[in-house]
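Quick heads-up: structures coming right below.
Same chain, two partners: chain A is paired with chain B first, then with chain C.
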Partner chain A sequence: MAMHPRKDWYELTRSTNWTPSYVTEEQLFPEQMSGHMGITLDKWESYDEPYKTSYPEYVSIQREKDAGAYSVKAALERAQIYENADPGWISTLKAHYGAIAVGEYAAVTGEGRMARFSKAPGNRNMAAFGMMDELRHGQIQLFFPHEYCKKDRQFDWAWRAYQSNEWAAIAAKHFFDDIITGRDAISVAIMLTFSFETGFTNMQFLGLAADAADAGDYTFSSLISSIQTDESRHAQQGGPALQVLIANGKKEEAQKKVDIAIWRAWRLFAVLTGPTMDYYTPLEHRQQSFKEFMYEWIIGQFERALIDLGLDKPWYWDLFLKDIDELHHSYHMGVWYWRTTAWWNPAAGVTPEERDWLEEKYPGWNKRWGRCWDVITENVIEGRMELVSPETLPTICNMSQIPLVGIPGDDWEVKVFSLEHNGRLYHFGSEVDRWIFQQDPVQYQNHLNVVDRFLAGQIQPMTLEGALQYMGFQCVEEMGKDAHDFAWAEKCKPEMKKSA
Partner chain B sequence: MSFESKKPLRTWSHLAEMRKKPSEYDIVSRKLHYSTNNPDAPWELSPDSPMNLWYKQYRNASPLKHDNWDAFTDPDQLVYRTYNMMQDGQESYVQGLFDQFNEREHDQMIRDGWQQTLARCYAPLRYLFHCLQMSSAYVQQMAPASTISNCCILQTADSLRWLTHTAYRTHELSLTYGDVGLGQQERALWENEPGWQGLRELMEKQLTAFDWGEAFVSLNLVIKPMIIEGVLKPLQQKAWENNDTLLPLLIDSQLKDAERHNRWAKALVKQALENPDNEAVIKGWIEKWQPLADKAAAAYVTMLSDELNCGLYVERSASLRASMLTV
Partner chain C sequence: MSAFPIHAAFERDFLVQLIVVDLNDSMDQVAEKVAYHCVNRRVAPRKGVMRVRKHQSSELFPRGMTVAESGLKPTEVIDVVFED
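And now, the complex of A and B:
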C-alpha cells in the first residue's frame, strides 16, 4: 500500500493540545474569548467531532462542489430567471441574499473564534475548515446575485444590507452578532453550529432549494443545496462541545445557551423566511408550508438532538409551538404594510386561491389575518392608498429588533412585555425575549433599536423620509413596493362583492 | 417624497466609482466587514458588551492606523474558488510524492540516525504549525478589512495543510521506525526539549498579543520569516545530507504557501507605511519580538545539528524580514 488512509493518522492531526508554561492556560485561552467555563485543557481533549475530513480531501471536494455550482449558473444564464420568474420569487431571492450573504461572511469570524480559542483541538481544526466554508458561502452568494445589479437596484442590497441601518438588517445583525461574532468560542459552537445551523439552515437552504427547483430557478436551487452540504458538516461542531460541558457539570449553562439561540433564530426566521415561504413564493411552487418546514426541520430535529444529548426541551416549548401557528402571519402583514422600509418587494400573497391554501395549512387563518386583509383589499380596490401604507411608528422589540405585532381576530391583543433596568424602560415582543435580556443584560443594555434612535433624535429629519435615509435607501427604486403592483386585489374583487 | 429616481448600477454601489470593470475578486472580497462602520459599537450589541470592548481595545485603538484599510488588495487576488483549485493541484502533487516515495521504499533508505533527528526535530513541528494556524485565525477575526481577513483565512488553512503533512509523515515514518518515539513523544518534546523551548515560548507569548497590529507584525513579519529561514530551510538542508529526498520536496511545496504569505504581508506593510506614524509602531513591535525569534531559531538549529551555523540562519531571516519592509 502506497498511501495511508486518513484514519491511521487523523489522530495526530488533532493531538495538538499542550500545557503552556510561558503564559498561563487562562492567558492563552481567556474565558471571555474561549468560554471554557473553567474546564481544563485535558478535559476538552475528549471532544470528538463526528464528521471528519482532512485538508487534501477538503480542497478536492470543495473544488468539485464549486465547479458544479458555477457551471450550473453559467449553463442557465440564458434561462433569464429575472425576466421570467414571478415577482414574488424575485422578492424571495432579494430577501435571501440581503439577509444571508454578508451574514455568512461574518460567520467566518465565529469559526475563527473557535479555531483560535476553543480548548478542543478537534474543534480548532474543524473550525479552520468552517472558516473556509463560510468564506465560500459569503463569496458565492455575492457572486451569484451580482449579475442582477444592472437590472434592479434592490439587488445592490445583497452586498449593502449589512452595511446599513435598515430595520431587517439591524434585526439580522443583532441576532447573528449575539450568537456568532459577539460570543466566545464555546458559545459559538453551541449557539451557531448546534442551535442554528443544525436546524434552521436546513430549513432555509433545503426548504428554499425545493421551492426554487419547483419554480424553475435551478441555479439558486443547486447553489443553496451545495452550501447546505458544508453546513451539515461544520454544524456538527456543537454536539461534542455540549457533551464536554454536560460531562463536566455545566448542563444548566449549556441549556441556557441553546434556549436563547433557538428562540432568537425563530423570531428572525419568522419575519424573513416565514413570509417568503408562505406568501412570496408562487402558490404552485410551494413545496410545504413554513409551519410544515418548521415541524420537519426544527421541532422533530431538536427534540431528538436535545434528548440524545441529555438536554431538555427549552422551557418555552409550548409558547414556541403556538408561535409557529401565528407569528409569521402577523409579521408578514406588518412587513407588507411597512414595505417601503424593505429592500425587497413584499408580495401580499392573498388572492382567493392563496387564502384557501392558507386556511387549509393554518385553520382559522381567514377569521384572523383574513379579516385584516379584507379591509386592506377593500381599501386597495377603492383606491384609498393612503390607508395601506404607514403613518405611525411601531413599537420595536429591544431583543429581536422586530416590531411588536398582535394576533388579529376575536382574541386580538398586542401584548407588550416591559422591563425596567437601570432606569431605562425596555419593550419586548414576548416573554422569552424579555427572559433572554435578563440572562445577560450587559450584552444588550445600551443598544438602541431604530425607534429608540428616532426618539433620541439620532435620525434627522424626524420624518419617514429621514428614517428611510437613515436606513440607507438611496433612491425610490430601492424601496419596497407591492410585488405585483396590487394586481392580486383585482382577483379578489368578485369574492369581495359576494361577501358584501 | 423627495427621493430621486436612479438607474441600476453595473456593480455594487461601493465599486461603481472604480475606473476598471470590477473583477470577481473585487465583487466577492471587498468591504465585507460591517463591524468597522460604527466605532462605538463594532457589533450590533450594547456598546459596552464584552466583545465590543475587546474590538474597541484591540482593533479600533491599535496604534497601527490607516484611514482606509479597505483599500488593501491581496497581491495574488485569491478567492475561495481559485484557492481550492490551486491547492488541490498542490495536494495532488504532494500526494503523488508520498505515493511514489513510499512505493520506492524511501524511508528505508535514509541514512541511519536521521530517523532519530526526524523524530526529535521534525515530528513536533505539528505543534508549531498548529500555533501558526491559531494565530492566523486570530488575525483573521481582528483585521480591519475583509481583504486582509481573507488572506488570513487562507493562511490558517495553509497552516493546517502543513500540520496535516507533518502528521501524515510522522505516522508513515513510524511504520518503518517504530522505536524512536514517532507519533508518541512530540508533545513531550514540544514541552521539554531545549531545542523547542524557544519556539514554544515565542508562540505562547505571541498568541497572547491581542492587539491586531501587533499580532500581524509579530506573526507575519517576525515569526514566519524566522520559521522559513531558521527552521524549514536548515531542516531541508540536513535532509538532503541524510539521503532524505522527500522532505525537501515537501518543504518546497510548503514554501510556496509561505512566499504567498510574505507577498500579502509585504503589501500590507506598504499600505500601512502610507501613514508615516506607522513606521515607528512597526519598528517597535519588531524590536520587541525579534530577540525571542532569534533565540528560538538558534535553539532549533542547534538541536538540529551542531555543525550548522546559527548566526547564518538568523541573518537570513533578518534579511528576509527586511525585504518585506522595503516599500
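And now, the complex of A and C:
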C-alpha cells in the first residue's frame, strides 16, 4: 500500500479532537492535571509545534540513532577508557549517570502527562514521541555504565542514586518532582521542556560531549550527543504552549513558572555540572569554563527565547549573573570536603596550573576560594588528614537541598534567607529560593531536608556513619574519596614554600 | 546539659554549618564550638576575639551571655566574627 506523504494528512489527523459528550470538557481535562488555566479546547488547537514527525519516521530515525551509539560503544570497548582516562573524568561520568539516568523516567512521566492531559493536540502528539525518547534515555544511560560496575561499585549508583537518600540525589529528585512529577501538563511543557531542556540539557549534553571527545571518551561523547538530538526536538513543546497562554492573557502565570524553573535548574547545575567542568575535567581537556558555557548556552539562549516569545527576563537576572561567577566554586569545595557523602570521587582541581586557570577565568578566585584551599592544601602536605574531613553537617537549603554557601576569604559574604512559616523555621540559600517557596508554600512546606531529618531523629545512629548508611552507601568503596588520592598536593609543595 | 542546634557562619569560611551547642554555653564557648569546624580546616588561624551575633545583625551578643539568655531559637542562624 502506497504511503501518503506526511504533509498531506498530518495537520488534519493531529487536529482531529474528541468532542466529549458523555463527560464535560473539565472532566476530560481536569485543571489539576491539565493546567489549561481555563482556556478552552478550541483555543488550544492553535498550538503549533515547530517540529512535526510521524510514527514511521520517528521509529526509523531513532533506530539509526541507537544503532550509532551502540556501535561506537562496541567498537571502542577495547579502548579501556576506565583504565586510561584521568580519574577526574571518571568522576564526571559517575556524577552524570547517577544524577541523570533514572531521572529520565521522571521525564517519561512528564511527557506522559502531556500526552494525556494537554488540551493542545500537537502537544499530545509530540509528547507521545517525547515519552519514548525519555524511555530511551533512561535505558541507554543505564546500559552504558553497567559494564563498569564490575570494576568499580560507584557505577552501580547510576541505578541506585535516584532511589536513595543521598543528598545530591535528594536535590535532583526535589527539583524534578517540582518541575515534572508534581505538576500539571502545561506546567511540564513550560518548566521541563522550555525552561530546563532548552538550555540546561543542551549545556550538559553538548558541553560535556565536547569535553568527552577531547578526553578521548568517544563512547560517552556519542551517547550524550545522541540523547541531545531527542532533547532539542521535544524541548520545543514549551514555546507554543507559552504562546497560547500569552495570547489568552496568562502571561504573568507563565512568566512565574519560567522564573521558578530556570532558577531551580541553575542551582542544581551549579552543584553537579559546575565542579565537573571547572575542577574534575583535566585542565588540558577543558573546552570552555563553566561560566563561558553558561553565557553561551543559557544566558544568550534564554535572553533571545524569552524576548521572542514576549516574556521578560526573570526578575532575578542580576543575581543570576553574580551567581554564575561565584556559586559553583563554593559548591565544589563543599562536595570535596564532604566527599564521603558523594557516589563519585571529587577531584580537587587546585594544582598551581589549575589555580592559574581559575584566576584567569574568575578574577579574584585566589583571594576568595584560594584562601580556603591554601589551608586545605597545607593540611594535606603536612599529613593532618583529620582536618580535611568534616565532623558535622553543612546547613542545607530548604529549596535547592544543597548546602548554604557564600564567598569565603577576603571578600567574605555568606547570607542566609530565612522564613518562619506555620511555626517552622526554613532557611534558603538565596532570595530567589525563598521567593519560590513563598509562591506556593503547600508545594514545599512538608519536605524535610537531610539536616531536618537528622534533627528529627530519623537518621540513626546520629553520627556521620549513621548518615552515610542512611544515604545508601553499602561499603566504604562506594563513598567518595579524593579522585587522585591527594597526589595533586605534591605539585603544590613548591608554591607553598614560596608563600611561607 | 541541654543540646541546642544552631546554624553558624564563620568569618571567611565558605558555608553555614550545623553546630550543636549547649543552652548553658556562653557566647565565647559557642564561638569556640563553631571555630572547631572551621579554623585550621578552611580558615587560617588569626588573632582577635571571636564574637557571636545573630545572622547579619550589627549587634554582638555579650561574650558571657548564655544561649538560654540570648533568646536564640533552635536552628536559628548566627555569625561568628572577629573583633580585632
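Here, the second predicted complex is superposed on the first by the 497 of 500 C-alpha atoms of A that agree within 3 Å, B and C clash if a C-alpha of one lies under 4 Å from a C-alpha of the other, contacts with A are read in each partner's own complex, and residues count from 1 in each chain.
The criterion applied here is as follows: a residue touches a chain if its C-beta (ideal position, glycine included) is under 8 Å from a C-beta of that chain, and two chains touch if they have at least 3 such contacts.
Everything numeric in this text was worked out from a predicted model, so none of it was measured.
*Asks:* Quick one: on chain A, after the overlay, do chain B and chain C clash, or do they fit? Just give me the call.
*Replies:* Overlaying the two structures gives chain B and chain C room side by side.
*Asks:* In the overlay, work out which of chain B or chain C sits against more residues of chain A.
*Replies:* B
*Asks:* Quick one: is A:Met37 in contact with chain B, with chain C, with both, or with neither? Answer first, second, both or neither.
*Replies:* Neither: A:Met37 stays clear of chain B and chain C.
*Asks:* Given the touch rule stated above, what does A:Ile299 touch, chain B (first), chain C (second), both, or neither?
*Replies:* A:Ile299 sits against neither chain B nor chain C.
*Asks:* Would you sort A:Val102 into first (chain B), second (chain C), both or neither based on which partner it touches?
*Replies:* First partner only, chain B.
*Asks:* Does chain B (first) or chain C (second) touch A:Ala128, or do both, or does neither?
*Replies:* After superposition on chain A, A:Ala128 lies in contact with chain B alone.
*Asks:* For A:Ala210, select first, second, both or neither according to whether it touches chain B, chain C, the two together, or no partner.
*Replies:* Neither partner.
*Asks:* Touching A:Ile381 in the superposition: chain B (first), chain C (second), both, neither?
*Replies:* Once the two structures are laid over each other on A, A:Ile381 reaches no partner at all.
*Asks:* Quick one: classify A:Pro20 as touching chain B (first), chain C (second), both or neither.
*Replies:* The first partner, chain B, only.
*Asks:* Between chain B and chain C, what is the tightest CA to CA spacing in Å in the combined model?
*Replies:* In this superposition, no C-alpha atom of chain B lies closer than 19 Å to one of chain C.
*Asks:* Which chain A residues come up in both lists, the one for chain B and the one for chain C?
*Replies:* The answer is that chain A has no such residue.
*Asks:* Within their complex, state which residues of chain B touch chain A.
*Replies:* Residue positions touching the partner: 1-14, 24, 27-29, 31-32, 34-35, 37, 41, 43-52, 54, 79-81, 83-85, 87-88, 91-92, 94-95, 98-100, 102-103, 126-127, 130, 133-135, 137-138, 140-141, 146, 149-150, 153, 156-157, 159-161, 163-164, 167-168, 170-172, 183, 186-187, 190-191, 200-201, 204-205, 207-208.
*Asks:* Touching residues of chain A toward chain B in the complex: what are they?
*Replies:* Per the touch definition, chain A meets chain B at residues 1-4, 8-10, 12-13, 15-23, 27-28, 32-33, 54-56, 59-60, 62-63, 66, 70, 102, 105-106, 108-109, 112-113, 115-116, 121, 124-125, 127-129, 131-132, 135-136, 138-140, 142-143, 146, 149-153, 155-156, 159-160, 162-163, 170, 173-174, 177-178, 181-183, 442-447, 464-465, 468, 473-477, 479.
*Asks:* Which bits of chain C are touching chain A when the two form their complex?
*Replies:* My answer: residues 5, 7, 9, 11-20, 36-37, 40-44, 55-56, 73, 75-77, 79.
*Asks:* Could you list, by residue number, the parts of chain A that touch chain C in their complex?
*Replies:* Chain A reaches chain C through residues 330, 333-334, 337, 369, 371-372, 374-376, 379, 384, 387-388, 390-395, 403-410, 412, 414-416, 418, 425, 427, 451, 454-455.
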